[in-house]
């Protein structure tokens, strides 16, 4: 057994940070040496999280600036955008897996437009690898800084990238409807996230203006070879975890639904975490809850020439912390599935 | 005070039938004289329904064929399709408000194609009035047989009909994503409807094949003046009541989102149950829970020339039993809002 | 038709205040003339509440001190404790129905002990009528100041008072387990009330220390004729509305479960809102959701000499705003059921 | 690495069976060689379960009588009571871990009284080990037939056994209120388990008559040294997984809450799966979701001389399949925690 890789998790008092810790606890090659949470510094994880009651051995939460970085091999950034880049740009020791939005967009101007302020560390944008694991494997072993994709982009891109790459759909005519569980909006105190406001209700939000739009456009456009815009409408649904994307696409050059199915089959046949379902089986978030798995499938639309490509992930795992661990594994030459072996939890 | 109108409810052991009874109990001009439920005949409503515990005065459930129709002025049909038309076609006394799918489609061939069998009473199709209340007022006072729209068609048509009528959108390029609560699939014993299967999960269903499609196409096509097809993807969400439709539309002839907003404003300004929300406010099912209200709004899409028209209803009220009562009121010359005055229930 | 009674609602931005407004909107004898919400003054109800979108005619929210009290006949206080008494004690015009805890306890010392501070208006305690409607009818027509009971006390006292009055149970040996929906803890921003913290989980809270304990003890003790203590353990459950109390009691003097059942039958036979269920039928919150109804029943326990008395209410209606309206009706000589006719909402 | 132990799972189409398979998939020392489900024989697990989509390597479901038992080392019985004993009593090869109720009660007469029929294999009752893991370790290595406790008994006994053993509480005066998630009542088609019946509601069930009562009484009585009865009131709550028991106890011989806390501390200090929480922290089902962990704590009651002992488990894991794996590990000399390392899933 080689020595474990020593990690720090910044922002361990948020849902993403906590799920990172949950997965790291079950990872055979990780030692958690530091956990930060500025507003809750001094508390134990058990005080901050109900499901950490049985892990007294975890390091106590500290302020990020109080971490001793010597001997830390990797840092997972689970901080809000802007704060994340501001802090991570000061580190030169550990390899960085950032789960914030800060290093996802390659263009600092686009970042400023969508995130409401100058980028805190534009010099690092060129170095950052966009860590959609299945499409970034070649670059991860050498990467120092990896930007984990947003949850919606992960689900959409896994569903569509193989189809764009194969020239089977018109990447500029994509219309996505998405459903997300409430954990996706974090543990912050917002009236809109209270149980009584969310339960027994559904509604769309961020209409025409969700920050994951430019990220999806960047990646689809890069494969399509031209700038493009997508239609993207997210909805909040009363579940804790899970994200479902229903993508209406227009097929190109006489492609058929069978062609799309075949392309996904070919692309994902050997993937450990991305699964094309049998024909006719609709993806559901309950297929992947608590796991790093993604499921996708394609269906004919009633309008000729169109198809529906549908995908589901757990927004906190494949959409966030699980993919971060998957990237970490690839960066450090570990088995890609290390620490990610849990089967989905159902019911 | 005039004498109350005497009604029968067929299928009072289903969610739709029960909600009809709930509303009828609060209606000042209704006397409930017969309730049928073949499989539960002999039981009281209190035995069949938890929320009927305090209504011992309700008639005991009987088999439909045991109803004495003399003196019954109106019948609400809450039976499954095919069974509904088979029974209702034998009645010649009461006026009929049918909540099943049997009299919604004007073409018996389309019915046979989508509902898997010959129509039980094709001779009545010509007589039936399609009862989307806000668009059927003129015909309801004289109608003997009213077909209440499906829940999804109600939500979609309220959102889109004024825009098609005004020539502002291309009715043949409509793409609808819809979310529905579980009550929409009835009280039948299906594994897919068990709590543990539904809670903490979302998924699409009936992909490319939902039976409400031809109904929406029929009504949109009639206003557009040509046959058309729509894209329609329903999703099951873990709520009891509520339906939300997100319609991506292509605007015609240089129309703008402001034009669409104005058309909806004009059309619904005086409607008691359909409400255009202020600019920027997204419809939510929690706005209408338990009530006969519908809310709609329109938003710019990120793709130029497109817009999002979004609507929400309670699938059991405006999408079913409430609209049936509204139609009943219009048929019998009562105040349109009689018995439908409840404010929405939130939280 | 007599002129409507003009009311003000203080604290209309909380769940209790909003449910008061919901019920008042359907009340034939009420005119809402003022609504206060200090932190949201200036906004409309539609801006503050999703389900008020269709009520543009409601008065805009104002600060409580900006209300013109001339011509206001009654005020409903939906403010937090202490703030409520501080404000209400300054009014001398309208009759007062207070939904806070401030006037429930007759002893200012007990109040100080449990609510953490001196009572703001101890001089009014003697005047206040404890408004458990079914047990306060005689005093309400003349009352100027009515203290509506807490939600848990309402459910427990409706279940137990007739048994204590009849000498059938030992009031000093009562053990209550209670379950409450999340709306009971208000719309304030607390991490514990976030959807992701509450959904898919249950837990007890305020163990041995809930503020409704002394209130229950006061009322049980008054009927029993001696001071007493109760065991009371509330649990939070992931529902919006509803409260269920399971009371384990020790029967006195050879009383049987049949005796208890008979006593409840006798006491509640003519009550419009309290219903003894048939033998063997367990109360459920779904029997009363959204309504002012309460259901109770009694069952044999497996331990000889003990029984289980179980009750369910909607915590926001019979447990709060509905009972307030019921008290208002009794104070002003209206029909006791005015504005409270809605059947429960299920599913 | 030693050869894996080859197992069969009977009843893999139920929630308990599926959770057994989920855990077995992550167990380093298990090979799943047979899965039975009579009504769904011939189907794959992926066809029967959404969360098994990514496990095509699992054996196809067969009828139990079609299993080839040669070479199978252990069988997990996840069948309904009576069916379980009827089948398991015919096997003489594999060691048996039964999750049904059939071998929990030592007395065949008690079984007949509570389960409505003669015991199918009374001759095996003497041999069966009652597998509450933490209290059965000594007997498990030699056991051929282990009866895994019911979910409620697991939670109650973990909370109370150390206190009874230490003579700190009166085992004959125990009153338990319990809350259970819906998965506890299985995947069978019952109206009571439909989403729309369960969501937004809570209610007690099986009042004074739950089948887990005699099981708890048997085990408490054995430690107390005398026959006894308990009060036990289960409630259904709208969650998928989780069970919480709130036990009101009377302390013996001047014992204090601190004594109880100390006894639990002493007993569970070294247990991998049972955790006494810090003083004042209330157990919650969200602390253990998806994991084999149990949490307990003790609180003073407001009535002198009484205490509240509260515990929480995941009913499908520690309350069923997880404890079965734990017992399996102890029977076969594996690490007790093998395959059970997952941290709880929250949110």
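Lettered A, B, C and D in written order, each chain numbered from 1.
Here, contacts are C-beta pairs under 8 Å (C-beta built on N, C-alpha and C of every residue); 3 or more make two chains touch, one makes a residue touch a chain.
It should be emphasised that the depicted structure is a prediction, and the values quoted were computed from it without experimental measurement.
The chains in contact with subunit B as well as with subunit C are A, D.
Comparing the CA-atom centres of all chains against that of subunit D, the greatest distance is found for B. The centroid of the Cα atoms in subunit A and the matching centroid in subunit C are 45 Å apart. Averaged C-alpha coordinates put the centre of subunit C at 39 Å from the centre of subunit D. Shared interface positions of subunit A, defined as residues touching 2 or more other chains, are 15, 50, 182-183, 196-197, 199-201, 238-241, 284, 286, 289, 347.
Remark: subunit C residues 15, 50, 181-183, 187, 189-191, 193-201, 238-240 touch subunit A in the complex. The part of subunit C that touches subunit B in the complex is made up of residues 15, 18, 22, 25-26, 46, 49-55, 182-183, 199-200, 240-241, 275, 277-278, 281, 284, 286-291, 293, 295, 341-347.
Across the interface of their complex, subunit B is touched by residues 173, 175, 177, 179, 196-197, 199-205, 207-208, 213, 229-233, 235, 237-242, 244, 246, 248, 282-286, 289, 299-304, 306, 308, 310, 312, 347 of subunit A.
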